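The first chain written gets the first letter, and so on, giving A, B, C and D; residue counts start at 1 in each chain.
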Amino acid sequence: MSKKTYSQAINEALRQEMRRDPNVIIIGEDVAGGHGASGETGGVGGVFGLTKSLYTEFGPERVLDTPISESAIIGAASGAAVTGLRPVAEIMFVDFVGVCFDQIYNQAAKFRYMFGGKAKTPMVIRTAIGAGLRAGAQHSQTLHPLFTMVPGLKVVMPANPYDAKGLLISAIRDDDPVIFMESKLLYGMEGEVPDEAYRVPFGEANIAREGKDLTFVAFGAMVQRALAVAQTLAGEGISVEVIDPRTTSPLDEEAILDSVAKTGRLVVIDESPPRCSLAGDISSLVAEKGFRSLKAPIGKVTCPHTPVPFAPNLEDEFMPNPRRIEEAARAVLAYR
Amino acid sequence: MSKKTYSQAINEALRQEMRRDPNVIIIGEDVAGGHGASGETGGVGGVFGLTKSLYTEFGPERVLDTPISESAIIGAASGAAVTGLRPVAEIMFVDFVGVCFDQIYNQAAKFRYMFGGKAKTPMVIRTAIGAGLRAGAQHSQTLHPLFTMVPGLKVVMPANPYDAKGLLISAIRDDDPVIFMESKLLYGMEGEVPDEAYRVPFGEANIAREGKDLTFVAFGAMVQRALAVAQTLAGEGISVEVIDPRTTSPLDEEAILDSVAKTGRLVVIDESPPRCSLAGDISSLVAEKGFRSLKAPIGKVTCPHTPVPFAPNLEDEFMPNPRRIEEAARAVLAYR
Amino acid sequence: MQLSRDDLKRAYRGMFTIRVFEERVNKEFALGNIPGFAHVYLGQEASGVGVCFDLTDEDYIGSTHRGHGHCIAKGCDVRGMMLEIMGKEGGLCGGKGGSMHIADMSKGMLGANAIVGGSPPIAVGAALTQKLRKTGKVAVAFSGDGASNQGTTFEALNMAVVLGAPAIFAFENNGYGEHTAASYAVGAPSIAERAKSFGMPAEVVDGSDFFAVREAMGRALERGRAGEGPYALEIVCSRFLGHFVGDPQAYRLPEELAKARANDPIPRFRARVTEAQLLDDADLDAIERDIHAEVEAAVQLAVAAPRPNINTLETDVYLRY
Amino acid sequence: MQLSRDDLKRAYRGMFTIRVFEERVNKEFALGNIPGFAHVYLGQEASGVGVCFDLTDEDYIGSTHRGHGHCIAKGCDVRGMMLEIMGKEGGLCGGKGGSMHIADMSKGMLGANAIVGGSPPIAVGAALTQKLRKTGKVAVAFSGDGASNQGTTFEALNMAVVLGAPAIFAFENNGYGEHTAASYAVGAPSIAERAKSFGMPAEVVDGSDFFAVREAMGRALERGRAGEGPYALEIVCSRFLGHFVGDPQAYRLPEELAKARANDPIPRFRARVTEAQLLDDADLDAIERDIHAEVEAAVQLAVAAPRPNINTLETDVYLRY
C-alpha cells in the first residue's frame, strides 16, 4: 500500500497485467512514441503519460504505436481479441470515437451475441473523458451514454486511484469488450493503492458516503463534486448519501434503489448533456422500480444541451458545479 | 388530398422541395443508381425506392450517387450546407452511422455553436430505422438516442404518411442539421396526404388518441402498436391517451406533462434497448417535472439489452409487441 | 505447387458446393423459407475457393454481406449454414446471426459482415495475433470493389503495412457495389494499383479462373507465412445475379449478363481439367451428384428444424436489465 | 503568374505575421494567458501562405488543429484570433471555439478542426457547391502527414475524384504526427503517390519555399477553376517546435531541429527577394515593424478583454432543456 496518483494506478495495473499474461498487448497512437524519429523511442507513453515505460519493459511486439487510424486500431484490437490476445487499445480522447464507432458498437460489441455465443472478445478500450481542461468542443466530451446504451459493452468510470487500478485489472481479465473511461480531471488525484494486483468487481457500487436524507448518484470526476456538496450540507445537519456505481453497465441497480428506499430523495449528477443521458437513465430506473420510496421529484444535474464551450467561465458554468448541485439538492429537499 | 404511402409522401416532399429551391440536392449511395453500368441510369432511386424518379427530373447535378463512403457523404453534405446548399443526404440504414458518426456529432452538429453562431448548416440526413425485417444485428437498429443526445441535432421520427411529408419539408427548410428517421415498417403504410407542400412543425406532439386513465408515449412505428393496445384496453373501459411527440429533439415536453397531469400514469414505448434510451429520457422528464401528477411507477417497454436477433421468433419477441405493451400497461394501472 | 487429383476434386467440390448452395438459397428465398435479405455468390466461386484453397483452419478470413461462398470455401458445414440462413435452431450462430453474420471460429471464419468495410480492420488484428505468436498463419480480408472505397478499408491497408501484419486483402471486384458500377465509384484507375501505393505488393487476377486465383494467393501466402507483411489481390469476377435476391437489375444489359455467364468459372474449370486429362467427366459428375444430395439434405433438415428456443433471446450477452 | 512588389510584400507580411503571432502564442501560453492547448505553425509559414496566396474570400479552406497559420493566410483578423485563443468576448467565435476551432465564413475559412481528418470530407462538400454553382472557386483541405492516414481523408480523395469536385488536398508533411514520425506511420513510400493512385494529379513540393508552394498551388488552382477536378500537394516542411506548446521533444535530436531551422522559410524568402533585388531590406524591415506592432496590439487587446458574457453559454444552439 502506498500513495499513488490515478495515473500511476492505471500504469501499474497495465504493467502488472502485462507481466502476468503475455497475451496482454497495448495498441494506440503514441503509446510508445518516437517511432521513426531521430531521437528517443518509447519515451512518450501516451499524451497523458499513462503507458509510460511500458515500451521499455515489453518492447515493440507488445506496445504498438499506430498511425492515426482509430477504426483500424479498434478493428486490430478486436481481431486480435477474437483470435486469442487481450489487447488494451487507447483512444486518446473519447471525442474521437466518432471515427471508429462502427468497429466498437457494430463489431466488437456484437460478436458474442451475433455469432451465437461462439466468439469471445476480451479487449479494453482506454479513453480520456471530460471537460474542464479548456480543450474545446471536440476534446472535452464525456459520451458515456453512447457506450452504456450498447448491448455487449461494459462501461467503467473509476472515480479514484484505488478503483482505477482494481477496475482496470478486472477489465483486462474480462472476456467482453470493456470501455474504460478515465477522467482527465482525476489523473493527478492521489490515494492509497495496494502495490499488488487486485480486482474491483463490475456492477458493485461504492457507497462513497453514507447518509439518510438524500441520495446523490455520481460517476467519475463528479463523485468528488458530489462529496463536496454533501460535506457542505452536512454542516446544516443534512445527511447525504453518495453512491458511485463505478460501472455504468453493468449497473448496480440494487445499491441505488436501496439508498433511495432509505432517503426517499434522489439527485443524479452527471457530466453529459441532458437528453438520453446517464442521469435520465438512473432517474427512470428509480421512477420505475423505486417509485414507492420516492418523496420528491428526481433531480438531475447535467451539462446544458450545448457543445462544450472553450472560454473558461463558460466551461465552468457548463459543467455540473457545486453551486448547481447544491441548488438541485435544495429543491429536492424542499419538496413536500 | 389523396391516399399515399409513407414512401410516396417522402418522395413527394423531396420532389416538391427540389422544385421550389434549386439549392436542395440529394446525395447518397444508389440514390439514382446504375451509374457506370451498361443499362439504365437513375432507375433505382435508393434501395427502398424513396428517391425514385428524382434523378430523371433533376439530373446528375442534383441527385448525386456516391461511393460507399459515408464519412465523405456526410462531410460533403455539411460542407455543401455551410457554403449555401441544402443537401439531403441518405444513410441507407441507420446502423451504418458508426462509420461516419464523427462527421455528424463532432462536425455538422457543432459548427453553429463552436463557431459562435456564425455558421449555418442546413442539411437533412434521411435514414431507415427499426427491426422487424429479419435483417439481422447490423441492419435493424433504431439508434435514435444516439442522435437525441447530441446538442445541435434535430431528430425527427414520423409515424404516418401525413407527418412524413410535413416533417420532411420542415426538415429541409430548417437551418440546423436534422436527422430524419424513417421506420422501415411504415414504408407501405397508407394515409391521406395533401398534394401541396405543407409543414408539420418540430416540437409539437400529435395526440394520436385521447384518453384519461393512462398515457402512452410512443415514436415512429411504435405509435401504431400503442394505438392497437389502447384499442384493446378501450374494450375493457380503460381510456388510454397516446402521445406521439413526432420529434425526439426538440421534444414537446408540455404535451407529455399535460397528459400525465390528466392521467397520472405513464408507459413509454420505444424500440431502442433500455439503457440511456428515449424511454428512460421521457420517464426521467416526468419523474422530475411531473412528479406531483404521478399515481404509479413509470412503465417502460423497450427492446432487451441485446443486439437484434435474426430468427423471426426471437426478433418478434425482441421488439416491443402488443403483449409486452399490454402487460406494462396493466402493471401501471394496477398500482395503488 | 502442383495440384494432385484429390486437390482438383476438392477444388471442384468447393466451387460446385457454392454453386448449388446459392442456387438453392435463391429458390428457398423465393419460396419464403429464408427470412430477410440474401446476397448470393453465384459467379464468384473461383475467387473464394481459390483464395481459401491453401489455408488451414488456423488461418483466418473475414468476410462480407456476400459471405456464403467464403464460408463454404473455408470449410463451414453447409447444414449449419442452411439452418442459420433459415433462422433455425442448430444454425452456426444459433439462428441469431443469419445470412449476413455466419461465423465459425473453429474454421477460422471470423464472420460475414453486414457493414461494408467492416472486416479489413478485424483481419489486421487476426493477422497481428499470428505475427506476435509467430505462427506463420495469415488472415484474409475479403472486400468488394464497393468496400474498397470505405475509409476503414484504407486504414486497414496502411495499418497492415505499418505493423507488418500478415494480412491479405482480397478485393473481389465484381464490377458493382449494389446498383452502381465500380467504374463510377472507384475513382482510381485500378484497385490493385491503389493498394500498391499503400506500400504492399498487389496484383490483378482473373477471378473466374480458379488456377490463377490460387497461384496469386500462393504468392501472397508465401509473403505472409514468411512474416514479410501484407499483400493485396484485385480479383476480377462477375456477379451473375442482382445485388440481393430479387434485384431486377435494369441497370445491366442482357448482353453484359450473357458475357458474364459465358465466362462461368465452373465450366471453365471442368474444361481445363478434362482437356488436360487430369480428371474425367465421370469424376466430376460423381462430385456433382454428391453435392446435390448434400445440399438437398441440408435444406430438408433446415426446413424441418424448429425455431431457436425463445429463451435464447437474452443469452450470449452479459446481462439483462 | 509573375509577382509584383506588392504581391511579394503581401507574401512576406503573411508569413511574418504567422511567425510573430505564433511566437507570441507560445509566450502567452507560458504566461498562462492562453487556456487549454495550442499547436503552433512555426516553420510551416510558407506552406499556408503559398497555398492561400491566390485564393479569394469566396474560395474555401478547411483546416486542422494547427490552424492559426491557415487562418492568417486566409485573411482572418489577428485581433479576433487572439481574442478567441484567449477565450475572450469579441473572439472570432465569441470565445466558444478556441485555438482548435477558429472559423470565419466571411473569409472562406471553414474552421480549424480538432479531429484529425475532419476537414477533408467537409472541403469536398464546399467544393461541390462551387461545382454545382459553376463559380470557378475551389475548396482546399489542409491535412498533416498524420491525417493522411485517417479513413475520412482517403474517402474524401476518392469522393472528390468521383464527383469531380474542385477540391485541393494540401498535405503538410512536417514529418510528425504528434510524437511519431511519418516515416513510421505512413506505410506508403510517398503521400503524393498514394494520392495520385486515387486518380488525381499530385506532386511533392518544398514547403519551405514560398515560391515553390505557390507555383504548385497554381497548377492545382488552374485545374480546379477550370472545373477539371481535384488535385493533391504533398508539402514537405518542418515543425520547429513540439506537437503542442510544451512538448519537450526528446524523440528529436538537436541536429534534426537545427537542420530544420537552417531551412527556415522566412530568411529563405528574404534572401531570395533581396538577392534578386525585388525588395530591399528596408521594405521588409518596415513590414516586420508593422507586424510586431499589430500583434502586440492584438495581445494587449485580448489580455484586457473581458470573458464572454455568461448568458452566451446557451445561445447559438437551437434549444435548451
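Note that in this section a contact is a pair of C-beta atoms (placed from the backbone, for glycine too) under 8 Å apart; a residue touches a chain by one contact, two chains touch by 3 or more.
This one's a predicted model, so the numbers in the text were calculated from it and none came from an experiment.
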| item | value |
| --- | --- |
| Joint neighbours of subunit D and subunit C, given as chain labels | A, B |
| Distance-maximising chain from subunit C - centres being C-alpha averages | D |
| Whole-Å gap separating subunit B and subunit D, where each centre is the average of the chain's CA atoms | 39 |
| Centre distance in Å when subunit B and subunit C are each reduced to the mean of their C-alpha atoms | 35 |
| Computed distance of Cα centres, subunit B from subunit A, in Å | 30 |
| Contacts with two or more other chains, residues of subunit C listed in rising order | 91, 93, 95-97, 101, 113, 115, 118, 149-152, 155, 158-159, 162, 184-187, 317, 319, 321 |
| Touching two or more other chains - residues of subunit A | 66-67, 69, 71-72, 95-96, 98-99, 102-103, 106, 113-114, 136-138, 151-152, 249, 251, 275, 304-307, 309 |
| Chain contact topology (line, ring, star, complete or other) | complete |
| Residues on subunit C engaged by subunit B in the complex (per definition of touch) | 35-37, 87-88, 91, 93, 95-101, 113-118, 146-147, 149-152, 176-187, 249-253, 255-256, 307-308, 310, 312-314, 317, 319-321 |
| Residue numbers on subunit B that touch subunit A, as the complex places them | 71, 95-99, 101-106, 109-110, 113-114, 136-138, 145-146, 148-152, 248-249, 251, 272-273, 275-281, 283-289, 291-292, 294, 296-300, 304-307, 309, 335 |
| Sites on subunit D touched by subunit C in the complex | 149-155, 157-162, 184-189, 193-194, 196-200 |
| Contact footprint of subunit B on subunit D as seen in their complex | 60, 62, 91-97, 101, 103-105, 110-111, 113, 115, 118, 120-130, 132-133, 139, 151-152, 155-156, 158-159, 162-163, 165, 315-319, 321 |
| Partner subunit C, residues of subunit A touching it in the complex | 25, 61-62, 64, 66-67, 69, 71-85, 87, 102-103, 106-107, 111-119, 151-152, 154, 176, 203, 249-251, 253 |
